[in-house]
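Once you scroll down, you'll see the structures, which are given as structure tokens.
Both complexes below contain chain A, partnered by chain B and then by chain C.
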Partner chain A sequence: MTAEYGKAAGAVGGGRNWTVGLRNRLSTLVPPGQLLPDRQPVYVASWIYVFGVLTLSALVVALLSGAWLAVGGVAWWHVSSLGRFANSLHLWSVELFFAFMVIHLWGKFWMAAWRGKRALTWITGVIAFVTSIGTAFTGYLSQSNFDAQWISTQAKDGLNSIGFGAWFNVLNPGQMLLWHVVLLPFVVGVLTVVHLLQVRRHGVVPPLDAEAGD
Partner chain B sequence: MAATTARPRPSRPARPAHPTPDSHSFPTRPYDLVKEFVFALLVVTVLTAVLAGLFSSPDEKAITMRTWAQAAPGDVVATAAGELAGTTTSATYGPPYNSAAEGQKLLGLPLQKWGGVRLPVDSQKLVLQPLAQVSGNPALTAALTQWTAASKAQQTAWATSYSDALAKAPGGQPGQVPPGDYGPVPAIAAGFLTLARTGGLEGALTSSGNFYGGDQTRALLLLSDGAYLEDTARAQQLGGDQWGMMNETGNYPGQPWMWLYTFWYQVKPFSTSENADALVWGLMMVLTLGLMFLPFIPGLRSIPRWIPVHRLIWRDYYRRHPRRT
Partner chain C sequence: MTALAALDAASAGAGSYLHWGVISISTTNLLIILGMVVLFVLAVLLPFPGAGEPSEAPRVPEQRQEDRP
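What follows is the complex of A and B.
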């Protein structure tokens, strides 16, 4: 119905109506009923599938604990036991996030989960993994403690060696904090949404050598 | 066991170019995605809270210039003399701080040089600028005046002589340095140590006339030019050749996801190369691109078929469809 309407409206606009074009694009991103499905293929029967949703859950906990830390400011967690607990939540949620994500990645590798036009799902997942490493790294640089001092003075050499340090100054905690709490989480968030949409669009990859209807 | 239903086959013909069938063409069973996510979120939240409650998080206080001056006064004096002589790491670094060197290269490409001197740092000013703000110290003021009036060659000669003498002095102690032609350098270095002891050095280095400061580039470069920061880190197994890039203080996991990046620094040729950082970064970028485009790389993309871990993952499916194994 929506698609039919879209086609009709697009025809009225001479096919150049941006709004109709975007609406049509969004409506066809995921097959009907697959954005939030209430059924799944029977071959989805392994604990390895849990690590995708665990990764997403850990990301949510990391974002919420990070937001809690942000409320108190940069130095709050150094002088408050409650702040220290918030920082500990943030640290451990990130540790769990990476543990789950790496297991998820290995699981998808052994499934060859890029098959059936799912290459973009794999690629967005890898980029999200690498971007997450950068996000965690800038978190370590934003701690305003000895770890931040040592890690930043060591990391500068790697970044400077390829010319990147001239623009991404790890010795500037103000710059690193903004990358950590705004820019990189935004990128990770967008990549996560695209990744999930790709998963819902193509569905869970079937077993190797499976045939339709099995 | 929930009943399964077969979805109708897609009406369009099969496409031989993509032998992997449409996942929507397989029998299905009931599934509650939202419930799964909510349960997972609860489990992860509780697990995170338990870990945070049990293990907390590391927070070793930052080294201040005052603690540096109290713990290693000789190192502060030697660093100050080195900055004046232009022999410290930051003074000889190259881009993005200065043009003293070209920096590292990757496959002959001077990427560090191409990055440009976008964060200019004058190593002598790391010492002289904070001292210029000190008042009520006539001896220091006279030393600074003498330094400023001298030629560049004379300044370098004084500072180099004093640095060399400090290096040879027992324990690197300034008080053990034999008399020599050091000009005002000993007085300047001593004044720098006094300023560091007062706790006023950080502010003088980071504010640069700006009330809010916020950029610690110069203070961190100065601190890392000394030996104290690295000695403190190495004592906690945080050195570059101690897998330190993936560790953090205390008994915490640190950044284990950095293991591969850290690994290369432990082995030759990276561990002995002057271009180690550029080489490791270049290698990691190639490996990352390889992982990203793995679906298109013949051979690598077939590994999951050769090593059949997938038979464990889909063991129920293959049990029901033995012809597929």
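What follows is the complex of A and C.
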């Protein structure tokens, strides 16, 4: 039965196509059982290894509170106590997100976490960090208040001086809002998934003084 | 005079800043950065609950994954 099905599938798809290639690629992304492992090496039992998942948790709260704010619109938090709560949740989750991410970065930097062919893990983390800063800055521009106006005029001078001001116009609140709620969160989300897959693929980096049997 | 008084009030509410040559930082931001440094040091030094106990955790799984690009 299976052989007959295989013949039929081969007759239609030829055995090699994008679907088969993608399936094979996805099936080898991480070693079997490592996508959500329930055990880790003993050296992971350290507080410094906690800041990665704390960063991820804060990002989830930031995304959910941001989606909540999007339901009410940009002016909602100015006129509603519930909206103000959602705005505060969004602000403080982002504050914690950056604090945790920077401590995670310090830990991984002094651990030389790019060892053991983990360069792509490091690089995706760095790009995610820089993209997150851009996401936060466009968030400042989307507050719909005088603070946002002041920041946008200061940023405009800077971006004009390096030639970006014509197509990335910080004085255009609609463009900044869409970058903040669609484009940049999408990039941060994709980078986060790739970063996590790299961690699962290569395992958590051991400390510099770890022995092979630790 | 009223405008000047308003400016004084606004600057008084802007918080305090510390200056070292070309470096200027608000006291609040400096305290937050120092707090993060303290948190980092504590995370490195403080023992994790359960650390050091016998474990059946896998032996350095990276060894079988090092060959992956």
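By definition in this document, the second predicted complex is superposed on the first by the 194 of 214 C-alpha atoms of A that agree within 3 Å, B and C clash if a C-alpha of one lies under 4 Å from a C-alpha of the other, contacts with A are read in each partner's own complex, and residues count from 1 in each chain.
The working rule: a residue touches a chain if its C-beta (ideal position, glycine included) is under 8 Å from a C-beta of that chain, and two chains touch if they have at least 3 such contacts.
Note that the structure is predicted; figures quoted are calculated from it, not measured.
In the superposed model, A:107 lies in contact with both chain B and chain C. By the touch criterion defined above, A:143 reaches chain B but does not reach chain C.
In the superposition on chain A, A:202 contacts both chain B and chain C. In the superposition on chain A, contact of A:71 is made with neither chain B nor chain C. Within the superposed three-chain model, A:39 lies in touch with chain B and with chain C [touch as defined at top]. When the shared chain is aligned, chain B comes close enough to touch A:152, but chain C does not. After overlaying the two complexes on the shared chain, residue contacts for A:79 are found with neither chain B nor chain C.
In the superposition on chain A, A:50 contacts both chain B and chain C. With both complexes superposed, B is the one of chain B and chain C in contact with more chain A residues. Once the two complexes are overlaid on the shared chain, A:173 sits against chain B while remaining clear of chain C.
Chain A residues in contact with chain B (one complex) as well as with chain C (other complex) are 31, 34, 39-42, 44-46, 48, 50, 102, 107, 116-117, 202-203, 205-206, 210, 212-214. Taken together, the chain A residues at the contact with chain B in this complex read 31, 34, 36-46, 48, 50, 53-54, 56-58, 60-61, 65, 77-78, 84-85, 87-93, 95-96, 98, 102, 107, 109-112, 114-119, 122-123, 126-127, 130, 133, 136-137, 140, 143-155, 157-158, 160-167, 169, 171-175, 202-214.
Residues 32, 36, 39-40, 42-44, 46, 48, 50-52, 55-69 of chain C are the ones touching chain A in the complex. Of all residues in chain A, only 31, 34, 39-42, 44-48, 50-51, 99, 102-103, 106-107, 116-117, 120, 201-203, 205-206, 210, 212-214 touch chain C in the complex they form. Interface residues of chain B facing chain A in the complex, by the touch rule stated above, are 4-6, 9-10, 14, 18, 20-34, 36-37, 40-41, 43-45, 47-49, 51-53, 55-63, 93, 95-96, 103-104, 106, 111-119, 214-217, 220-221, 223-224, 229, 232-233, 238, 240, 244-245, 248-249, 252-253, 255-258, 275, 277-278, 280-282, 288, 291-296, 301, 303-305, 307, 309-310, 313-318, 321, 324.
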